[in-house]
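Both of the next two complexes hold chain A, though its partner changes from chain B to chain C.
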Partner chain A sequence: MRLRNLFLLDMRFQAKYGFYFLYVALTVIYVVILLALPQSWREKAAAILIFSDPASMGLFFMGAIVLLEKSQHTPCAFAVSPVRAGEYMLAKIASLSAISLVVAALLALTAGIAHLHMVLFGTMLSSVLFTLLGMMVATKIVSLNQFILWTVPIEILAFIPAILHLWGISPAVLKNYPANLCMDMISGASVSFLGLFCTVILIGVLFMAVRKCVIKMWQEAGGIKL
Partner chain B sequence: MKPILSSFLQMLKSVKRDRMLVAACVAPLLVGIAIKYAIPFMEEILIAQTNRREILRPYYGLFDIFFSMITSAMFCFAAAMVLLEEHDDHIESYCSITPLGKTGYLISRIFLPAFAAFLMTGILLPIFHLTPLPPAMTFFFSLTGNLQGVIIALLVVTLSTNKLEGMAVTKIASVTILGALVPYFLPEPLQYTLAFLPSFWVGKSVCDQKLIYMLPAILETAIWILILLKRFRRKMP
Partner chain C sequence: MIQVNNLSFSYTKQPFISGMSFSVSHGEIFGFLGPSGAGKSTLQKILIGMITAYQGSAMVNGVECKKRTKDFYEDIGVDFEFSTMYEKLTAKENLQFFSSLYEKKSRSIEELLEMVGLDRDGDKRVSDYSKGMKSRLNFIKALLHDPLLLCLDEPTSGLDPTNSRMMKDMILAEKAKGKTILLTTHNMQDAAELCDRVAFIVGGKICALDSPHSLIMSKGAAAVTYTWLENGEHSANCPIDRISSDERLKGLISENRLQSIHSGEPTLNDIFMDITGRTLV
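== the complex of A and B ==
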């Protein structure tokens, strides 16, 4: 019940600050770009667009979301409410992933990528990974510029190998690298069980680490340790 | 002039504290090196893989256009983030009633960073370009690239009321630079539907090899900036 309420609250928050409007506009722009590209380019372009935008929106927006919550003293309220850090995180992951999945489905259908279920599963995994990473950074920073700066290494480590992998410029040993695996799935390709297992384990480890960061942020809410 | 410089230096200190200043200065160098060496290297690999004569080479001009925008984008983006933080903390209200005034505040926060980026682009572009660039072209690339950065910063601070909306607007404002792709991928006359974007004319100038198209690019940029400035000044307390 609490999780459902948090999820709905996050969706209302995202609607209020124009996330849905933004992604409707961006989806229209991306669809136009995809349709303007030669047919042979569309699948790869769609995979890059999905991976670098809807799938990674958590990494891009989490800093601003958490900073805005801090400026509105929301962490103080969470700190004294029965809400658990895990529920807070799950609600954010689910609400952002919902947008990612809808946008990814539309782009994949436009580009004619086969195996839509694989695209959506890959988008879901990427979205969870990026949202957790974004949340980890967001709990540590005090300004937007700091957030943007600290997410750059993550973007370099995630985007460059994955885009090179999509073009086949990647050593075989990196086939199971989580970013490459997600890119494979988003482009509609099948993946190995080992790679999938490693990615799920990574998500589990990240979830536990981020949970600790969120608890610490709540404990320090208002500038004092509760 | 003194209040403007002092306000600019105060912003630099804030950006320096976040290490964003170092990043904004180093990032164009790294991007320049990547464009100069990684793109031709990727072209070789792709040609070897696909047995085609060229894949990325016809679009080298586009890489030059995006490089001309990157320094300004970094500087103006960092400045826009400071403006958003200051808006949330109501600092702009206080600044506007000091000798700095609204105009001085805008100059110190947006136009001085853009001017610094213009100088930096003018130095870096002749080093890292991929296509032959005569000095006039380098000048116009630096100018239009930096004015594009000003447009993005003004769009962010004009259309948003807090950090989160600012990030959302940043995303959509950044799309305006994609106008440069249009002349390469859309046939005439369909491509003119996006002629309201200044970056479209920069792309057209490179694609058609005609410097004259820089004129509508500069004119449109001026119109965009004037409209946004008017809206921003109305929004300021």
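== the complex of A and C ==
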């Protein structure tokens, strides 16, 4: 029940700050771009678009969400409430993943990517990974500038190998690299059990690490610069 | 309700809070008074489980604060000095959301809003509220889940006299219901009026702890100050319990030469300055 209420609050928060409006506009632009491309390009273009935006939106938007919450001192309210850090995180992951999945489904259908379930599963895994990474950074920083600076290394480590992998430029050692595996799924390809296992383990480890960061953030009633 | 024994805490190598011991009974209003940086907020953070790296013991409602679980907060309501609301949501939306986080049944949101005079502003966004309105809203947020312990940080700060009176009456009404209340404040008048006992905190230590009345009486009884004309205006003081032995006063009364006479007693602020050598800034 508490998780459901946190989830609904996050959706309301995102709606009030125009996240849904933004994604409706972006989806229309992406669909127009995809339809303008030759049929043979669409699948790969859609995979890149899905991976670099809806699937990874958590990385960028967690900074804005957590900084806005810090500026309104709501972490203090959570710190002295029965809300568990895990519940707070799950609600944010679920609410952002909901947007990711809807946008990814629309783009995949427009591009005609086969195996929609695989695209959605890949988007889901990517969204969880990127949201956790974004949350980890957001709990540590006090300004948007700091957030942008700290997410650059994550973008380089996640996007470049995955996009190169989509074009077949990837060493064998990175076959099970989580970003590459997510890109495989988003492009509709099947993946190995080992790769999936590694990605799930990474999510589990990240979840525990971010949980500690959230608890620490709640204990610190620090200021914030926007 | 609260048992603190030999509590110490430090942010750096220098001790910030050292060797504090006190207890607070059920249904008591207990005030922490002290200048900025004295350790009041840190002590409150320890008691509400936000700081766990302390030495000694701090038990609240039978739970050692450093070992508290999240269920600890089902019976604690905290009113921070600043707003902790979602600014783009309305007051009602905020209260509905925060009440939904507790297992306990929430108190009526409409009634609470009415009690603090915000019943007509419940559908306004919190960002459109004034500082005083936010302060009142924050206060009722702490009452939503009907907690056993209320921790209030400067609850009358930013309020006009009417709303300050209303807030103090609400605090006394909560005490009448048997709630234990921790009050952190700079305002000596509020403390003297509301608190059953107060602790003066300076430099991370408790300098004095007693009821406001006992502290005031400890400095001595009330005194009278009188003035008379004799080659210019003169004034003198006399403790009220020795008034019959003040020959000069008796003489001035019998000769009808008194210019003025006032009785007065030391305030809690005078006692604070006397004991700590500090003012509340």
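We take it that the second predicted complex is superposed on the first by the 221 of 226 C-alpha atoms of A that agree within 3 Å, B and C clash if a C-alpha of one lies under 4 Å from a C-alpha of the other, contacts with A are read in each partner's own complex, and residues count from 1 in each chain.
Everything that follows uses one rule, which is that a contact is a pair of C-beta atoms (placed from the backbone, for glycine too) under 8 Å apart; a residue touches a chain by one contact, two chains touch by 3 or more.
On a predicted model such as this, the values are computed, not experimentally measured, just so you know.
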item	value
First, second, both or neither for A:L26, with chain B first and chain C second	first
Which superposed partner A:S143 touches (first chain B, second chain C, both, neither)	first
First, second, both or neither for A:R84, with chain B first and chain C second	second
Chain B versus chain C as contact partner of A:F61, first or second or both or neither	first
Chain B versus chain C as contact partner of A:Y17, first or second or both or neither	both
Partner chain in contact with A:S192 - chain B first, chain C second, else both or neither	neither
Which superposed partner A:G168 touches (first chain B, second chain C, both, neither)	first
Which superposed partner A:N5 touches (first chain B, second chain C, both, neither)	second
Residues of chain A at both interfaces, chain B in one complex, chain C in the other	17
Residue numbers on chain A that touch chain C, as the complex places them	1-2, 5-6, 9, 12-13, 16-17, 72-74, 76-77, 79-84, 218-219, 221
Touch list for chain A against partner chain B, complex	17-19, 22, 25-26, 29, 33, 36-37, 60-61, 63-65, 67-68, 71, 143-146, 148-149, 152, 167-169
Residues on chain C engaged by chain A in the complex (per definition of touch)	45, 48-52, 70-71, 73-74, 76, 78, 80, 82-89, 93, 97-98, 100-103, 141
Parts of chain B lying in touch with chain A, wherever the complex brings them together	15, 18-20, 23, 42, 45-46, 49, 77-78, 81-82, 84-85, 88, 162-168, 171-172, 175, 178, 181-182, 185-186
